[in-house]
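Chain naming follows the written order as A, B and C, and within any one chain the residues start at number 1.
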């Protein structure tokens, strides 16, 4: 029983990573209408920069975390303005945006590989909290608690932002129709820039936390998060913050429990099967809205 | 005999021979990648973005390799079997996927690749599981060239026949095509079957060339680089797929000479440049016609 | 021309196209409301009404682009309201669009060939293999396409990219493409929209020349002169509903029609003075 609860918590922590990443991906998808193949690289680079901050510049945990997150946000912003903005002006289709994001993915992924010397690096001990809490006899690493807390905070923040703030309304208006939004007094360029930064920062956050907890800072970190985060977005609902968060956590739990009680070879299978089933039967996910808006 | 040949021409011959052996494998890979690109083009030319080529290739590759290994089947026979298997699978995929809206279909095909990898890992008796399997199937360059010429002929015939004009209509404006009596569903199903056959064939050729395949051989990486190659070469003509595949295969090799650390980035940069400045790709029949008309 | 279907009890020819109580809602808006009308074979029928009256929606319903929420649409005695668009096209209904929708990247001749696809006469297999009979059939269809281009007076533009033509020429290509399907009924959605007087007159003459071949035309139009000159009968819609039908002169003078277009009968009287 205790093993079950321990694995449950592991699943929630893992799922929180997926959810956190998925939130960033979902913002780009639902607000900017772009299926961003490069989103995973924001996570990888967030982790790489944070690692450098902690290891090379000897910054404390919170500061290196922040550095990684901000760096990821900036990279996302640059990608958006350099790659997607020219397409936006031209009114390019989703395919065009996807291909362009693939180009950025190739570039950033290769650079990430070069940056880590094609190795998988880990955060040295002492650069992150490693206290072990306990729930009865169940061990609770500090990083797990931090990850879960991060998800809760970000989900709440994004929910407030998108549903209860003027910026959020502006974001949704721009996602729906940029021209109409600008007629309504919204500056689309400004909104797009902020949205891109937020999306990158969120995924970058997942990347830093993931890099620490999985001891794997490399371009593969982002790719792994990308696929699971994408699944969370589809299952949860591409434009619903709480849905994505819930779905991500649920997928993490399912994965860990499948690995524990069924077979480790099948752990990804559950996630991807759910992903495919939802795409075939209910593409808008559990909580997504019916109309899909495009950039 | 050797004494009769003077030293100077012998050195040139030697250099040419070295040059050729060094780049022979690049040419071979370019040809095999062309098959995968053509498979993607086959559905793209009927208006569908689908990454399922990778799945057809996986089926063709693993099935074909297993048949050759297990039953000593002549590799020459394994090729059409791989193509047929791919075609059969793609027909089933068409039945299920054509009901979906285009953007959901693209995502569904992506998740199909993810599931394929899980299936490959969990069916070791066919695929060798996580470890992979070696493929004893030597392929000569002249044989590959012959196959490519055959494929090019097929695609040329398709483009100049009634299917070609129907597919182009469906791609450009499916609603108008319907109002002209063209069944988008029928045309796109045919496109899927062609894609499956060419993809399955490409898969087994890739297996033969790599001489070793594993779950990671047929995964998201080739899916993305393939579609990128098609768009770069020109997604509005079948020759674009071949050109794009050749560029994507050769570019890193060329870049290696100039910037060895950043050779992989070269593909991304070129693709990004194409998307921003030449979005219809290198080979664009429309641009050619516009130029002709203005003379 | 084949014999016209006749209703046995009344000895009146059955209409080629008959709509019964057809309705279509979009969200809360009733774009078409309980509309019934008929189009006789061999006629050139006009469909008029102020903007937003539901005329284009009606064309979309007939051509199968949208399914009606209720009602029946009968074409040559066959109910088509649930048929997919490509089946309806094969059965003999062709259409053009309010904003010209030609295929990007294709030449003028290729556009018309696309229209001829449904009557190509050979299997796709035979065409792919390049069998002799397929090649002959293709040549024959190509000649037919060139004839159609001749009818719309665009033979000299056959190998030009369609999108480089003037708007009026593009409209004519669109009509030629629709004619490629050898339709019995041709739906034209505002064919002269955005054209000057001369181009409109050309379209009018073209429509007039079409009726000789046994073609039935249903034309959505705002151009009153065109309708008066070329339509045998006009149906007027407003707010998705049937308003009145009859000869063009009858409809134009009808107070309900004038009220629909101009709001008040008094305004309409002033408009009369323009003619």
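Quick note on the criterion: a contact is a pair of C-beta atoms (placed from the backbone, for glycine too) under 8 Å apart; a residue touches a chain by one contact, two chains touch by 3 or more.
If you're wondering where the values come from, they're calculated on a predicted model, not measured in any experiment.
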Of all the other chains, whose mean CA position lies farthest from chain A? C
Would you mind checking which chain's mean C-alpha position lies nearest the centre of all protein C-alpha atoms? B
Taking each chain's mean CA coordinate, chain A and chain C are separated, in whole Å, by 51
Just how far, in Å, is the C-alpha centre of chain B from the one of chain A? 31
For chain B paired with chain C, centre-to-centre distance based on mean C-alpha positions, whole Å: 43
Spell out the part of chain C that touches chain B in their complex, as residue ranges. 63-65, 84-86, 89-90, 94-95, 97, 101, 103-107, 110, 113-115, 117-118, 120, 122, 124, 127-130, 134, 138, 160-161, 164, 177-178, 180-181
Taking the touch rule as given, give the residues of chain B at its contact with chain C in the complex, in rising order. 157-158, 161-163, 165-166, 168-169, 172-173, 175-184, 190, 236, 285-286, 289-290, 293
Per the contact definition, I'd like the list of chain A residues that touch chain B in the complex. 35, 37, 83, 86-87, 90, 92, 94-96, 98-100, 102-108, 110-111, 113-114, 223, 227, 230-231, 234, 263, 265-266, 268-269, 272-273, 275-276, 279-280, 283, 292, 294
Can you check the complex and tell me which residues of chain B touch chain A? 49, 96-97, 100-101, 103-104, 106-108, 110-112, 114-115, 117-119, 121-122, 130, 220, 224-225, 227-228, 231, 261-262, 264-265, 267-269, 271-272, 275-276, 279
